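Structure incoming, see below.
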Amino acid sequence: MQELQVIFSGVAQGCIYGLIALGFVLIYKATETVSFAQGELMMLGAFCGLACVNWLGLPFWLAIPSSMLAMAIMGWLIERAVIRPVLGQPAFSIVMLTIGIGYVARGLITMIPDIGTETHTLQVPYKDTSFDLGGVVIGATQVVVVTATALLSLVLYVVFRYSRVGIAMQASSQNQLAAYYMGIPVQKLNGLVWALAAAVAAIAGLLLAPITFVHANMGFIGLKAFPAAVVGGFGSLPGAIVGGVIIGVVEALSGFWLPEGFKDIAAYIVVLLMLVLKPNGLFGENLRKKV
Amino acid sequence: MMNDILLSAQNLSVRFGGVLAVNNVSFDVQRGEVFTLIGPNGAGKTTVFNLISRIYTPTSGQILYDGQVLTDVPPHAVANLGIARTFQNIELFEHATVLQNLLIGRHTHRKTSLWSEMFFTAKTRAAEIEAREKVEQVIELLDLQHHRESMVAGLPYGVRKVVELARALCTEPKLLLLDEPSSGLNVEETEDMAFWISDIKNVLGITVLMVEHDMTLVSKVSDRVLAMAQGMELATGTPAQVQSDPGVIEAYLGTVDDVSSLRRENAKESA
Amino acid sequence: MTTDGIVLKLSNVESAYGPIKAIRGVSLQVKQGEIATVLGSNGAGKTTILKTISGIIDPRKGSIEFKGEDITARDPSLIVQRGLMHVPEGREVFPLLSIRDNLLMGAYTRQDRDGVARDMEAVFNYFPILRERSAQDAGLLSGGQQQMLAISRALMANPDLILLDEPSLGLSPKLTKEIFEIVVRINRERGTTILLVEQNANMALNASDYGYVLENGRIVMEDTCANLREKEDIKEFYLGMKEEGVRADRRWKKKKNWR
Amino acid sequence: MRFIFKTDYDQDIRLAKHGGHVFWYSLLLAFLVAAPWLIEEYWLAQLTFVLIYSVVGLGLMLLAGFTGLFSIGHAAFLGVGAYTEAVLAARGWPFPVSLAMAAGLSAAVGAVVGLPALRVKGIYLGIATLSFGFIVEEGLARWESVTGGNAGMHVKGIQMFGWEANTSESFYMVCLVVTVLSTLAVLNLLRSSTGRAFVAIRDSEISAQSMGIHLARYKTLSFMISAALAGMGGALYAHKLQFISPDQFNILQSVDLLLMVVIGGLGSIHGAFLGAIFLITMPQLISLGKDYLPAAIGQAPGLQAVVYGAVLIAFVMFEPMGLYGRWLKVRTWFQLFPFYRKGMFKRQKSFQKSDRLK
Amino acid sequence: QQQGVSKTEITIGTIQDLSGPLAGYGKAVRNGMLLRIDEANEQGGVNGRKLKLITEDSGYDPKRAVLAAQKLVNQDKIFIMAGHIGTAQNNAAMPVQFEKKVVNFLPVTAAREMYEPLSKFKYALFATYFDQMRAAVPALVKEKKSSKVCAIYQDDEFGLEVLRGAEAGLKAINMDFAEKTSYKRGATDFSSQVARMKSAGCEMVVLGTIIRETVGTIAEARKTGFNPVFIGSSAAYTDLIHKLGGKAMDGMYATMTVPHPYLDEASNPIRFWANKYKTKFNEDPTVFSVYGYVILDTFIQAAQKTGPNLTSDSFIATMDKLTVPSDIFGSPEGKFTPTQHLGSNKSRLSQIQDGKWKIVSDYYKLD
């Protein structure tokens, strides 16, 4: 029974990793950069939600779309201001940029007097609800996380797989030059991707807020999302979720069964094993160049 | 001479998912000859090259090189056996100069140890100078003096093709695999290429296995030609024999009349 | 269309890679419905001209007009929307997209689904192998097959002007002929204007109406193709026609005399 | 412009290509040697840190800049070196020996990390090294009997054969010697066949392989050398800080190291040094500068992170080639002086090409 | 010539975390210090010398703490380092200070290394985590008659100190932990740890946790119907616990040395102080503001006593016989001797009742 409880908590936690990983994969798939700012975007999203609920007094259900919108605009602005000018530079430059963006975001939030250095709670209507399924207690927060993650990844999967814009985003990441030749508005799509990633981050932030509270350093959870994305295969959206859940469950079970210390590095051990067994992750593309 | 076989492919097949890229192909390359593979696009010529340089492993069949079974050799060791190649799409070290590219070609002849390199001992210095001398010979041969210090990334397509050939030559191979050496070269440059290939064969004594679409070049330099189509052998023989083979004409060369007819009619119509 | 029937006009265009000037003051014109060709040896700057036209490189000087509109240094996607498509040197396919998706990307700027489906059918008929492999990743195609895909992708855009950079690169002799037939056919049937860069000068001169000769980044000669074919230098250096025996054992090169 | 007429292959091989090089580098070295008498103690301490980070930077530059393998867990090697040195120094081993051990042990760990590198690349490798970094950090924290766990451990001063480097001047000298020697070793490596093999792997694995380069061996070698240098840096770091704890070798440290080489300029040895100067002086400059700002901003928490991030962003945006790239432009400008043309350094449109297939 | 002391000024340095995980605390400590400095300067300073505070940011990173210490000691020439935050940070910075005879004065960390081993330059004021737990845990165990005590602790020096203290306290009453479980700093998910303690049947849980982890652990436990007695250290004694955790936190115990200054505090002087702070910084004071204030208050007392000839040596001489009386906050009396550089090892217990900390015990006596 205890195990079942632990496993479920692991799944829920894993979905959070997956949700952040979704943001990574999104940006990776569309621009082939790894955004180290995703965790910070999530943090900004959570603060947005906080502003909506606690200070503007909006109901939670309205706060979700408003923060998503606000963050989408923010994502687009970030892209416009700092990413676009260096678009086309090697992916690594942009990775560095995202690290810088992360620093600035964290620093700016910290600088807000009276708010930035504090930890806040986001009041959500379902916070204290939980369901007792014959001994296994499932919090509504967890149910919401799992459901939202599943829906979101499905939507994004369909967009990338079947829509023209989705395919064009992938095309630009694989060969930017050719994308220009085809008349794909690479820059605009790039803006769109960042907006989308920021909106996803906002959702992640809002869902995470009741669990970990809102504070300037909440973005560090993103470090656990990297292993999730890698285990699933970095280019794969469903992979992000599956990877997240695997990591979450392994982590929870090793915290329960194994000696001290294993829980914290379980995620990383899983990654290393994965890379040895299946270097491109569970759902990763086969990346061999034909000469 | 007849039995001096350098490379022998025996019943090679390779399958990628549903595609049988090479289907039971056998051929022998004699020491000191220029052997050419021709065939329509997607016939499996490059795949044969990739099998020889061990990028792919055959589904069945084997390759013998100098009496040794090549299929067990790890990919990086192929060069040590004296096999060098060029690539159809040019695979140079883009962020290095031509000279550095060619020096990398000397890797198989490396004699120095890590420690002696770290302290740059006299031995290393001597080895460096020796490598450089060899490289300069190749530069001389292929007329690359102008481009010695240029970054590869900025070179025109045709020059890169030559650099790639030069890099392969720097390994001082016994067998040279050339994948479409003349693509992207104009007539004049193709002629130079023909001279170089003959020199490589006659002066340097290197055996050449080549894939090529330019039939003028093929006829000029090859001793024997193997035509492939859809992974299978179509015909083998001298260039002239193969070129007159009806199967080859049908699948590869096409009928003789050319586009100009189309064009002139058109011009007349509009006139 | 402009009244004088000139689709593309380059005036005194100069482009450079960092400090290296690749083309120096190139002016050329392509008329509506014609096939024009640019000949030139390795590194003459042919590719650079095409890249400059399609907005991949910003020129240092000069201007480019397409259908009467100034497109100098505009965003490439905008230029494609105006109806100009470029088949780049070196294929540049999207390696991890299926062939079908690659073709769809060619038609990215188009809105008419029916037309796209029709064109897809047409290119599948030109190159049946593409239909056969349509679900395969483009990166796994053979070199020549990728070249077919690159050309087909451009056709999918149904453009007014196609820039073709060495379309015959890596194609079998038979396919080379077919490609030129297709080019001519498209030019004739759809009225598509074509600017062609090709090492196979024989083919290029036969298929084209008007030709330019580029050396060291400068246009050194221009004329109708019929006239060009008759010029001695062209014959010798680009068509490879020379008295037998002269070149065969001569190891030095005769210098081109128009430099 | 300077034209050099070459009459000898040795001229290309030599480290100093012309008299100018000889002059300027001798001057630099003379300054560095005389520094303890020339500059204040505070700045000498900064300079010492710069030297230490340069050694680490050299290693990472070799790995990331020349072999194309990005490690986001490099602090782990720093940590292994630091702890090895701390433990051995406590047992009274002479410094040269313990330093060699620190380098050797780091290299051994590097070889282990190199293993996944044989099969994965790009972001996968990044995450593999990141994971490894976490595991090493945890290991250092858990192996309490040796490392003292999270409580950290104090590090004794440098001692060798009866001599002790117990002043900041003498410690600086030790760092200078280690730095100069490592730099020479790396430069030598890069101008010989191993270095070229690294570059080859960076640019095209397939063709490196076809040139007979054993990918697995050279990638592992690159990891090992890089780790060894990081280990030596770690050893010096341990002595400099005199107190080490596992969380000093965490992901943030790794990211800092990576930033250092990128800001310095990937693929250049100068870059490692310029990056180290940047990494050390930047926070100092911020804290020197903040007293001049209005208190509401200057004293606000988080300012440092904002400025740090902003500078980083500005760098990538305006000088993607790093400090070294900027330096090259400045130098060219001077060399060409009256003939400098506008637009000469104008950035060309450039296009990202997928690294996924290499 | 003593560094950091001029005719008109005494320069005090402090290193806080202003951008890292403890930025909230760092800021509060600094504000508390500034408040006391302003008070002192308004009254003409210390023996005619004005006080000046220079703050550096370590971001909770030991390396940056060393760099900051170097700047403060060698560049800004501070007289004293006061209230430096963080255990590892202090450990890393102290050698730099001691080289220049700069005293490490009452750091904001309750680790034993802040006064042990004895050094001329180390002084600490408040009871360590070790002593806090050593005293409070057995007392609470007796009171609640718990038979199974467990611990969850942060896997670092802080958490271990709490654990060791509780362990020592339990040993004194012949008990041991039924279950120990840890988490890594920054963790957000405690479900497996809680499940583990639940299946061990714990009746009391010692929390080696700080803020969010405290709230996370208790919330997770309450959710799964696991309701032992929770007791934390002074690190968990902050108003954030009940602000963040809400009702679920009621009933939790924590040890403490100085009380949280609620703005509507019953005690008059504390309320007055808290409102003064609020007016000055436009922020509610926290217990860390009190630390900052008390630290500088103690410094001022000592400097005043030392007299006009203020040098490191004379200051240390004063410190070694200083007695700090209890102040408005009711903090325990501090007493320093040449061999005892910890001012006080006394702490008491507080419990959250109706969303507020209430003091529920007297100072525990420790031998």
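Per-chain residue numbering starts at 1, and chain names A, B, C, D and E are given in the order in which the chains are listed.
Everything below uses one rule, namely that a residue touches a chain if its C-beta (ideal position, glycine included) is under 8 Å from a C-beta of that chain, and two chains touch if they have at least 3 such contacts.
In UniProt terms the chains read A, D = Branched-chain amino acid ABC transporter permease; B, C = ABC transporter ATP-binding protein.
These numbers come from a predicted model, not from an experiment.
Among the remaining chains, those touching chain B as well as chain D are A, C.
Note: the chain lying farthest from chain C is E, by mean C-alpha position. Set against the Cα centre of chain B, the chain with the most distant centre is E. Sorting all chain pairs by how many C-beta pairs they have in contact places A-D at the top. In terms of their C-alpha centroids, the spacing between chain C and chain D amounts to 47 Å.
Each chain gets a centre from the mean of its Cα atoms; for chain A and chain C, those two points are 44 Å apart. If you average the Cα atoms of chain C and of chain E, the two centres end up 74 Å apart. Taking each chain's centre as the mean of its C-alpha atoms, chain B lies 74 Å from chain E. Each of the following residues of chain D touches two or more other chains: 138, 141, 206, 300-305, 349, 351, 354, 356-357.
Residue positions of chain E touching 2 or more other chains: 18-19, 23, 26-27, 155, 184.
Touching two or more other chains at once are residues 46, 55, 87-89, 91 of chain B. Interchain contacts (touch definition given at top) occur between A-B, A-C, A-D, A-E, B-C, B-D, C-D, D-E. Note for the complex: chain A touches chain B at residues 291. Residue ranges of chain C in contact with chain A, taken from their complex: 54-56, 75-77, 79-81, 85-86, 88, 92-97, 101-102, 104-106, 108-109, 139-141, 153, 157. Every residue of chain B that touches chain A in the complex is listed here, in rising order: 46, 50, 55, 87-89, 91.
For chain E in complex with chain A, the residues that touch the partner chain are 18-21, 23-24, 26-27, 155, 180-184, 186-189, 191-193, 195-196, 198-199, 211-212, 215-216, 223-225, 240, 243-244, 246, 282-283. Of all the residues in chain D, the ones that touch chain C in their complex are 343-345, 348-349, 351, 354, 356-357.
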